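Beneath this line is the structure, given in structure tokens, with notes to follow.
Chain IDs A, B, C and D follow the sequence of writing; residue 1 opens each chain.
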Amino acid sequence: MRDLNAPANPLETLAYIIAQQIEDHSVVYIGTGIPMVAGILAKKTHAPNITLVYESGGQDPIEGDMPWSVGCPMTWRKSPTIMEMSYSFAQCYNGYVDIGFLGFAQVDMYGNVNTHMIGKDYHQPKVRLTGSGGNNDLSSLTEKMVLVGLQTPDKFPEKVDFITSVGWLEGGDSRKEAGLIGNGPAAVISPWGVYDFHPASKRMRVKSLTPGVTFEIAQQLTGFELLRPEGEIPDTKLITPECLKIIRAQVDPRGVFTTMPAA
Amino acid sequence: MRDLNAPANPLETLAYIIAQQIEDHSVVYIGTGIPMVAGILAKKTHAPNITLVYESGGQDPIEGDMPWSVGCPMTWRKSPTIMEMSYSFAQCYNGYVDIGFLGFAQVDMYGNVNTHMIGKDYHQPKVRLTGSGGNNDLSSLTEKMVLVGLQTPDKFPEKVDFITSVGWLEGGDSRKEAGLIGNGPAAVISPWGVYDFHPASKRMRVKSLTPGVTFEIAQQLTGFELLRPEGEIPDTKLITPECLKIIRAQVDPRGVFTTMPAA
Amino acid sequence: MKNCRPSKVMTAHEAVSRYVHDGDSVITGNYTEGLPFSLLFEIIRQRKKGLTYYSQSGSADVEFMVAGDCVDKLCTAFLHKWGGRAAGGMVERYQRAGKLQVEDYSNFTYNARLAAGANGYSFMPVLPSIMDSDVFKIRDYMGENKFGVVRCPFTGREIPVVPAANPDVCLLHVQRADKHGNAQHWGGLGSTVHACLASKTIIVSCEELVDFDVIKSSPHHTIVPGFRVSAVIEEPYGCHPSELPGYRNPDMTMLRFIDNSFSSDEGLRSMFDEWVYGLPDRASYIKHYIDVFGVESLNRYRARSYYSAPADYGVAFESGWDTYGQALLLGVDIAGLEQLIAEKGDLVDVD
Amino acid sequence: MKNCRPSKVMTAHEAVSRYVHDGDSVITGNYTEGLPFSLLFEIIRQRKKGLTYYSQSGSADVEFMVAGDCVDKLCTAFLHKWGGRAAGGMVERYQRAGKLQVEDYSNFTYNARLAAGANGYSFMPVLPSIMDSDVFKIRDYMGENKFGVVRCPFTGREIPVVPAANPDVCLLHVQRADKHGNAQHWGGLGSTVHACLASKTIIVSCEELVDFDVIKSSPHHTIVPGFRVSAVIEEPYGCHPSELPGYRNPDMTMLRFIDNSFSSDEGLRSMFDEWVYGLPDRASYIKHYIDVFGVESLNRYRARSYYSAPADYGVAFESGWDTYGQALLLGVDIAGLEQLIAEKGDLVDVD
């Protein structure tokens, strides 16, 4: 059992911040990892009536069974339905999914996401990553799309090496002009900050920062020029002691996703 | 129980003739009525390994359970699979169905089928019929398409009132020129004769006639000029006493589809 | 789709009042089995007007909706012949009188419109056999939008396409559902799944409202997930007189009674007065049936049970994470997991 | 599809010899569960060459097929990272060496290619989000045919489309099947149904070969009908080390052993020598596993049963026609039936 009284680590904070994006009664498309922790935390706290949808076709598996990935049996274990994958995605495309979380290996200043490869030549990848999976498919479908990942200058480059999923494309009206439907990415969440996009330029902008992280630190962790919001930058609301206990005792008692990796 | 020794009636003969079209190990798309009798007869006699496919999605229901229509539970009762309808049809489109039987209210000299309406104005039908159901869908898909129905001059007009399913269209190369795939109708079977289509003109031609029916009688029962084959017109092979007994004792013991209607 | 009502469980009266509006497009999700007659009767009873009605394999459902003056437009692939050959049914009579527009598709093209709708596409390819038929050429209320043609960029061939259908309301009767709306249906499905998923609002009536436990043990029988469903009605005999696997066969006593009603000039009027307008709900309908035909008649069509072999959905560990010892889903301990995460290098698997 | 062989039941060796040919396109029908490792090992063992391999959520299956030098072209939507971040897996190594072409789709567009194939279409619309991504723009062996664009005739919008995929051979591992090939599978399906129905030849391995009675009592679990299947192999543990609902969880002992094999320069060569080339079939593979890791390790991942609630498929009369008395499916006697036929006026219902 984990120490319930230790201070929150950044991953737990991240799970909490993500969970706060989820309104009760909404339909949530869940990706592997921290979003699963966040979805289950939300369901166990302020949003008991949400529906969790997995691309495997499972929906709303029994609480507390944390899947290892979106393709594992825990995504449909004691779930009331298992759909074929095409129907699962079609629900998003038809506007029935309220919020979705996309992971990224890289995200750029316009919220374009890369999960394919690192390097300049597709055929000679420096690192070959997983590829799209459902990432692209969700990217223009979900009403509210939230990007989640780690933040370093490499992971927040000016331009991603490969556009797996289109965000605001080249900013401004370029997404709309390309004919894409959907609302585009609403937020980027890293352990250090929550970011949104400037309404006109669609450039990434600080919305709130984790206490102790200044704008300058956030900028140093970013490979392009971050926009600064008007006025004071608020602190991201920190995880409450109650939620922290729930994560450690119920949601992720073995710390699979919310224990910090050894350095 | 029916009299097993009475002479065959035209419906029983018809069922037998249709059954003879079915080769063992083939996949057969079955329509309601006489084709069901024929399919089950074939399975019980010379073709025990056929697969019967119904548009309801059922396949190969247990033997002897004669469905009332292609939408009734007997089409999937104790069937090893029930597919969604789109998959059921897709099997034809992909070439996996060897032979299919289409019913008609009217069939014309080029094998075009009408199951929609009698009359000249669609919006003011003299008689409104059932519509396509799966008739059109099967018509250019199945490798070998056989048309089955009653024969009167009204039911064999020069031109059908409504083309539900395209046969040889306007004859000659018109079907091919229209871009249709599939082999086109192979045969028309009525209680009085078996007809095929002239290889070049695609006009309906006598292939064999029920014993006692002459070319002249067949012509009188037809609303257009029938083609006569080279040489002598063969008799249609009549139902054997064994098959007759199987129909009456096992396939249709209550004579639902193979008792002649009262005049 | 936020849905904050306290409960979805309600009566047919309440569901139809709340979710079916004049001018809506309404689809019967069931194919030939389990037609949702209780919901259809309620729509007629509430005298809804100007509906566009979708029914793939139309039977008494279509005749009733037309005779109830609920329907202006009908979209169908097949119409069972009621009322005998001479008189014809209500569809024929209304069509001849210019009171009903009928758009005819084939089974596959009807299904393709719903498949497009279920996928969120604006169109769907269909089989080429349709293009030279009068189903393609003769058009009623759909006009130019009944069919279209596109050129396949890979083969260069012209391919007919149909427009998506996304009905406002889907009516569905099933064997069992839970209070969340998870609806389980088995037997001949036709286009049922596509009809449900394409529709904007789904009303489910069921023979039995069951525990969530029953549903979650047999997830592949759920044809529509709870969050898509707006209303759930526990309505035994909700599909009578049509059949439902596991419950009953078609009630031929009632069906022949209905067929006979067509012979009068009034068509179904007096039948409606007695059986639809004259009765407030399905329970009183069944009570009336027993009064008229006897309980023996009702019981005669009751199904004898034939149960499916179970499917084993078991996994090795009840929970992936909170069991004792090292029996985790992954079979590794905390150190191993930390190593895995470090190797992965990302918090979120880029799924 | 005439299929006159005396029996479809055979060994994996026989099935792969007979139905998988050099240069074929081969798809793994399973999504992430029940990967058909016995069949994949057999393909590697028989040193098939020049395959185009489809795997939606590629994992060890892809790494093995590539390392076995069987695959020239890979079509996928997702590749699990094997071999650690630095070294990378076989796909990366082969791709960098110019020995493997990789065509990347997304989950939905990968599925749509199979859906088109299953329907017999030449193309299928997909979601618009793909058009401005590099998934659309960067093309490998599919070139111009990776994606196309058509204009929707109803909305005027440009819609991306994918070409149909109809793989030569589908490999599928399921919980149970009968000797006719009717294959039942439950759990997470992904694109499994489309993968099967789109393929020209289907090879099924199953944990248990069951009586036809089991299959016909649970028809909705049958994902591919018998007549489409060319070979059935009863192969317990045929998907080991991947999981299968009702049978076992992923065998992490084996998976970690595999993962460790990537660290050598030889990659999987010595693992293959021991576990693939060195063993003739699956039975000896499992025997070898027990020798190496112990039977406790094997049993540790065994599923605890969790059975589905039954579905009642019962009807009122065992047969529609040959029961006694008047209890026919239609509840009418011969005279009534004759009348119905007379009224219908056709021998064949124009269905």
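Just so we're on the same page, a residue touches a chain if its C-beta (ideal position, glycine included) is under 8 Å from a C-beta of that chain, and two chains touch if they have at least 3 such contacts.
Just so it is clear, the model here is predicted, and its values are computed rather than measured.
Considering only chains that satisfy the touch condition with chain A, which of them also satisfy it with chain B?
Common contact partners of chain A and chain B, which must touch each of the two, are C, D.
Centre-to-centre on C-alpha atoms, which chain is most distant from chain D?
Of all the other chains, the one whose centre lies farthest from chain D is B.
Could you grab the centroid distance between chain C and chain D? Build each centroid from C-alpha atoms only and quote it in angstrom.
Distance between chain centres: 30 Å.
Provide the C-alpha centroid distance between chain B and chain D, rounded to the nearest whole angstrom.
36
What whole-Å value do you get for the distance between chain B and chain C if each is reduced to the mean of its CA atoms?
31
Quick check on chain D: which residues sit in contact with 2+ other chains?
Counting only residues that touch two or more other chains, chain D contributes 78, 81, 85, 119-120, 127, 157, 186-187, 193, 217, 220, 243, 245, 249, 306, 313, 315, 329-330, 351.
Quick check on chain A: which residues sit in contact with 2+ other chains?
In chain A, residues 55, 58, 69, 72-73, 76, 78, 82, 86, 93, 129-131, 133-135, 141, 164 touch at least two other chains, as defined above.
So that we know how the chains sit together, what is the shape of their touch graph: line, ring, star, complete or other?
Shape = other; not a path, cycle, star or full graph.
Spell out all pairs of chains that touch, sorted by label.
Final set of chain pairs in contact is A-C, A-D, B-C, B-D, C-D.
What does chain B use to touch chain D in their complex?
11, 14, 23-27, 31-35, 49, 51, 55, 58-60, 62, 64-70, 72-74, 76-83, 86-87, 90-91, 93-96, 98, 101-105, 115, 129-131, 133-135, 141, 148-150, 164, 252-257, 259, 261-262
In their complex, what parts of chain B are in touch with chain C?
Interface residues on chain B, with respect to chain C: 55-58, 69, 71-73, 75-76, 78, 82, 84-86, 89, 93, 116, 122-125, 127-137, 139-141, 162-166, 169, 178-182.
In the complex, go through chain D and note every residue touching chain B.
Against chain B, chain D makes touches at 1-4, 118-120, 166, 178, 180, 182, 193, 197, 212, 215-217, 219-220, 222, 224-228, 313, 315, 319-322, 328-330, 334, 337-338, 341-342, 346-351.
What residues on chain C touch chain D, complex-wise?
Interface residues on the chain C side: 78, 81, 84-85, 119-125, 127, 145, 148-155, 157, 159, 161, 163, 175, 184, 186-187, 213-214, 217-218, 220-221, 243, 245-253, 256, 300-318, 327, 329-332, 336, 343-345, 351.
Please give the residue numbers of chain D that touch chain A in the complex, ascending.
That would be residues 31-33, 57, 76-81, 85, 88-89, 91-92, 95-96, 98, 104-109, 111-112, 115, 127-135, 138, 140, 157-158, 186-194, 243, 245, 249, 306 of chain D.
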